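Note that the chains take the letters A, B and C in the order they are written out, and that residue 1 is the start of every chain.
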Amino acid sequence: MRRYVFRRLAQATLVIVGVSLVVFFVIRLSGDPTFLLLSAEATEADRARFAHEEGFDRPLVVQYVEFVRRALHGDLGRSLRYRQPALPLVLERLPATAELALAALVISLLVAIPAGVISAVRRDTAYDNLTMLGALFGQSMPVFWLGIMLILIFSVRLELLPTSGRGGFDHLILPALTLGLYSTARVTRLVRAGMLDVIGQDYIRTAQAKGLPDRRVIVKHALRNTLIPVITIIGLELGTLLGGAVITETIFAWPGIGRLAVTAIFQRDYPLVQATVLVTALVFVLSNLLVDLLYGWLDPRIRYT
Amino acid sequence: MARPADPVHVAVALALADAARPAPRSRRGRFVSTLVRKRAGVIGLVIVLLNVVLALSAPVLSPHDPLDQDVARRLLPPAWLAGGGPEHLLGTDQLGRDILSRIIYGSRISLLIGLLSVVLSLPIGVGLGLLAGYFTGRLDDITMRIADVQLAFPFILLAITIAGVLGPSPRNVILILAVGGWVVYARLARGQALSLREKEFIEAARGLGGGSFRILFRHMLPNVISPIIVVGTFGVAQMILLESSLSFLGLGVQPPTPSWGGMLNDGRAYITVAWWLTTFPGAAIMLTVLGINFVGDWLRDLLDPRLQSV
Amino acid sequence: MINGRRLLGFFVLALCIAFAFGEALARDADIIISQKADVETFDPAQSNNTSTHNVTINVFDTLVRLSDDGRDFVGELAESWKLVDQTTWQFKLRRGVKFHNGEELNAAAVKFTFDTTMDPERKTRQRPTYVAFKEVRIDDPYTVSFITHKPYAIALTQIQYLMIVPPGYIKQVGWDEFGRKPVGSGAFKFKEWERDVRVVLEANDAYWKGKPKVRSVAFRAIPEDASRIAAVQRGEVDIIDAVPYDRIKELQGSPTVKISQRQGEQIYIGLDTLRVEPLKKREVRQALNYAVNVDALVKNLLLGYAVRLNGPMFPTTPGFDEKLPAYPFDPERAKRMLAQAGYPNGFDVEFAISPAFQGIAKGTEVGEAIAGQLARVGVRAKLNVQDSAAIFSSYSAKKLQMYLFAWKSSPEAGRHIETLLHSKTRGYYYQNPEADKLIDAYFSALDLKKRQEIGRELHAFLREDAPWIFLYQQMDLFGVRKNVTWEAKPDYLMRMREVAVTK
């Protein structure tokens, strides 16, 4: 087991190094931020001097070597726009991102697991069909539309909740609902599928033959075994939620990593982009590892060599 | 030796298993269930065919030229509301263009993008996955790590760079989506290949002196094809939705070419003033995605017996 | 049952986390302003962003400020100034002004501010703004001279944005800390800043102009238009910027919100007169100006919130002649001119637009509409939508053929004429030695009357030579709660000292 963990960690390091390499070159190929940073009156001479001072005009490989050298000392550079060290800028957004992602995940699980289970038990009934239809709609609804609609209804019209921003619990509800919809839909379908798969298997039939009451059978045995792949899905969802909440964060002015990353990319703030990608890649890789370990713990049949 | 479950593979396999269920016990039950499934499949097929018809005969069916601007007649509501008229059944957009016509023409781009990006990424993904799963070892490790790197990489950055370096055109949108999409097919094919390679008939083929590539093509591929096709159908739906996200970032199909994703994005600024700009393209997307999913379900049923054996 | 209990526990845990980390974002200041973007840094020399300036202008002071009519300058920290010779502007500073930490604001502080802004080691973003100045000289503890390289008519325009920083405090804590926790001399003191969440400033009762009418001012960034408007409608914030034109009618009918407006950016279409064959010809460029129906754009797309321009100057730029007619909309004439220039069937050209470019309102729509209008005279403009950074990269790499751009700063100076149309400053797409001569003369004419005279000539010349397709100046619109007395000012800055909240 320990060997497996070490091997995975080694591979994870490789992945992160690979990502940093790709990001480094890709972001520089996509344009430079000179005119965005300098005042509108900057002349060509100003632009050239700025590019030279920041080292943009050196060969890319040279720049990369410099970056790696500093990174090994923990220095991921300074944000070009905010003029502050890049890594702390990213890390200070983690709590907000985690809060929103967790809330969205909790909501989606609370809805999706019961919905998926009941749907599986009552397959092909009206309930099942409606649930599946709802799930399909949930997966294809535009996130910004939902977010703005929720604000218009619950904040402006009904005056029940604040419009945007991060604050107390009431500030969390609408963004979490918006972000969680896609996850809810996806997890519902997967829970249902998993349940159906398990229900059809022999040991369930055995339990039923033994005469145990239906509901107990289903919930106790089927659900427990469905949980394993569901946890895998949760791991995946968490990754998506953490990295892909841009639209929700923009609409609700939520100070998360997603918005920081996208803004940095659009501003070609090279150090900040690199720092955000490294952090998100790390979170992604670690959560994958965690899920795999959890998986092994839950299903005794799985052994890691 | 059991390998730890590959998350993406598991997710995909679960999606596949959505309809894989024990046969209903009574004959009547079986009949009812097939009928219900068939009905959804038929509906799905109808929707998809409708889309194809719309896309192909757009010039004939659409009441106006989708590029025809008339700034003085912008943001007119649909025909059944005050201010609307029969000339623009679904109203006009922010530049006075007919929304119905743009939706009809938009089906072209959306279907094209959805289909082509899958057609592009699927063979590459499957090919790489099969190779990785069959030969394992170094090849497998390298391929999967490249896939990991790509999964950990922010999609937006990829999109911006490709669009920035190659220019934003429908062709490059397809490229962006294909690059983003091959991983799922690769993972799935790899999983299948891994489990298949130990099976008897492969051993037999090898024993008979079959070369690797022969085995791959004649024996592996047919067994992998059916789940791949199903996932591919869902992939089309996903690509259509992703195009809409790309438009949100300004990287989608260039104006004035109408695309559903682009229309959604354009209408975002007008949600409170002119809801029809977002509602109709959004509904078109949802219906199409629904239809494709139904067809996917139906395909799964069709290929069901083969699935069980795998 | 594992599942249920675990879920419940998870839920409760999440609730606790949410409560623990979030603090109520209740109204925490007398006036709350919401802009599209957050402040980037409190180090004034390091940001060129209006959203940042709107915050820092309340913490720091400048030497002069633009008058309310946008044409003249009023003293702030400077009591008076005079032109000692052609290249020396001498300012007499107010006495007794103190920074928030007690430090004295004198000539040394002004020199320090200038020197550190221009210091190559600091690599400040604002350095290009002050390139015309050679040095700042201390004449006596309260008199300072700004010396330019050559006679520079718009020195005051550049100086109006120089925010004076405290040398003592900065030497003590360093620039990084200063950028996070500033000390200035302005009407408000820095209280707290949670990046992308809120900035809170509190009143400086010892302010030299008199204490502010409110006790505190806060800033919250809300990037999404619909959310920002919802916030002001609900009274969560008092002032918002960048109100989209289509929402104006709705807000004007509101019992709680009013609209304040000011002149904003100039929107124009740049043409590559150096490399694209058809655009090398003046007749073709003029034809393009005849082909675009700007009035229809202003009326229908911009709902009247824009002013048609007859040339490259703003209405407040010295030399602007309102009697000069704008190019009338005449597609027939455009077609004739194109045919005469050798393009009877029109030509193809690439048209680059950037939707969010520097606050342009409805950039994509304007671009699409104009492309449609040009198509009617045979000019097939292929739209190429890019993000700001990409379009700027192409711009400086001289790859653009036709591009929709905006210019915002200092309309009263005409600085954009120099930056955009003089061959020595950028020279990417237009180089005309005659224009250069006029522009040089325009910027060295220190006498206002002379300047206006040369300006008129320059304006007419550029209108005739048509390096651009001239469009309009758009309005900036703000949503303000009716009980708040703020009005938008022409210098783009939101000073809060005199703003009051009535009941």
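Everything below uses one rule, namely that contacts are C-beta pairs under 8 Å (C-beta built on N, C-alpha and C of every residue); 3 or more make two chains touch, one makes a residue touch a chain.
The shown structure was predicted, so the numbers you read here are calculated from the model rather than taken from an experiment.
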item	value
Overall pattern in which the protein chains touch one another (line/ring/star/complete/other)	complete
Chain with minimal offset from the mean of all protein Cα atoms	A
Separation of mean Cα positions, subunit C and subunit B [Å, integer]	44
Where subunit A and subunit B are represented by their mean Cα positions, the distance between them in whole Å	21
Approximate Å spacing (C-alpha centroids) for the pair subunit A, subunit C	36
Residues of subunit A touching at least two other chains	30-31, 148, 152, 266
Sites on subunit B at which at least two other chains make contact	160, 164, 249, 271-272
Touching two or more other chains - residue numbers and ranges from subunit C	226, 387, 390
For the subunit A and subunit B complex, residues of the former touching the latter	4, 11, 14-16, 18-19, 22-23, 26-27, 29-31, 123-124, 129, 133, 136-137, 139-142, 144-145, 148-149, 152, 189-190, 192-194, 196-197, 199-200, 229, 232-233, 235-236, 243, 246-247, 261-262, 265-266, 273, 277, 280-281, 284-285, 288, 291-292, 295-296, 301-305
Touching residues (chain side subunit B, partner subunit C) in the complex	67, 69, 71-72, 74-75, 94-95, 160, 163-164, 167-168, 249-250, 254-256, 266, 269-274
Residues of subunit B touching subunit A in the complex	1-2, 4-5, 7-8, 10-11, 14-22, 32-33, 36, 141, 145-146, 148-149, 151-154, 156-158, 160-161, 164-165, 237, 241, 244, 248-249, 264, 268, 271-272, 278, 282, 285-286, 289-290, 293
Subunit C residues within the subunit B interface of the complex	225-226, 229, 244, 246-247, 250, 296-297, 300-301, 355-356, 362, 364-365, 367-369, 371-372, 383-387, 390
Sites on subunit A touched by subunit C in the complex	30-44, 46-47, 50, 53-54, 81-84, 89, 92-93, 95-96, 99, 102-103, 106, 109-110, 113, 148, 151-152, 155-156, 159, 162-169, 171-172, 219-220, 223-224, 227, 250-253, 255, 259-260, 266-268
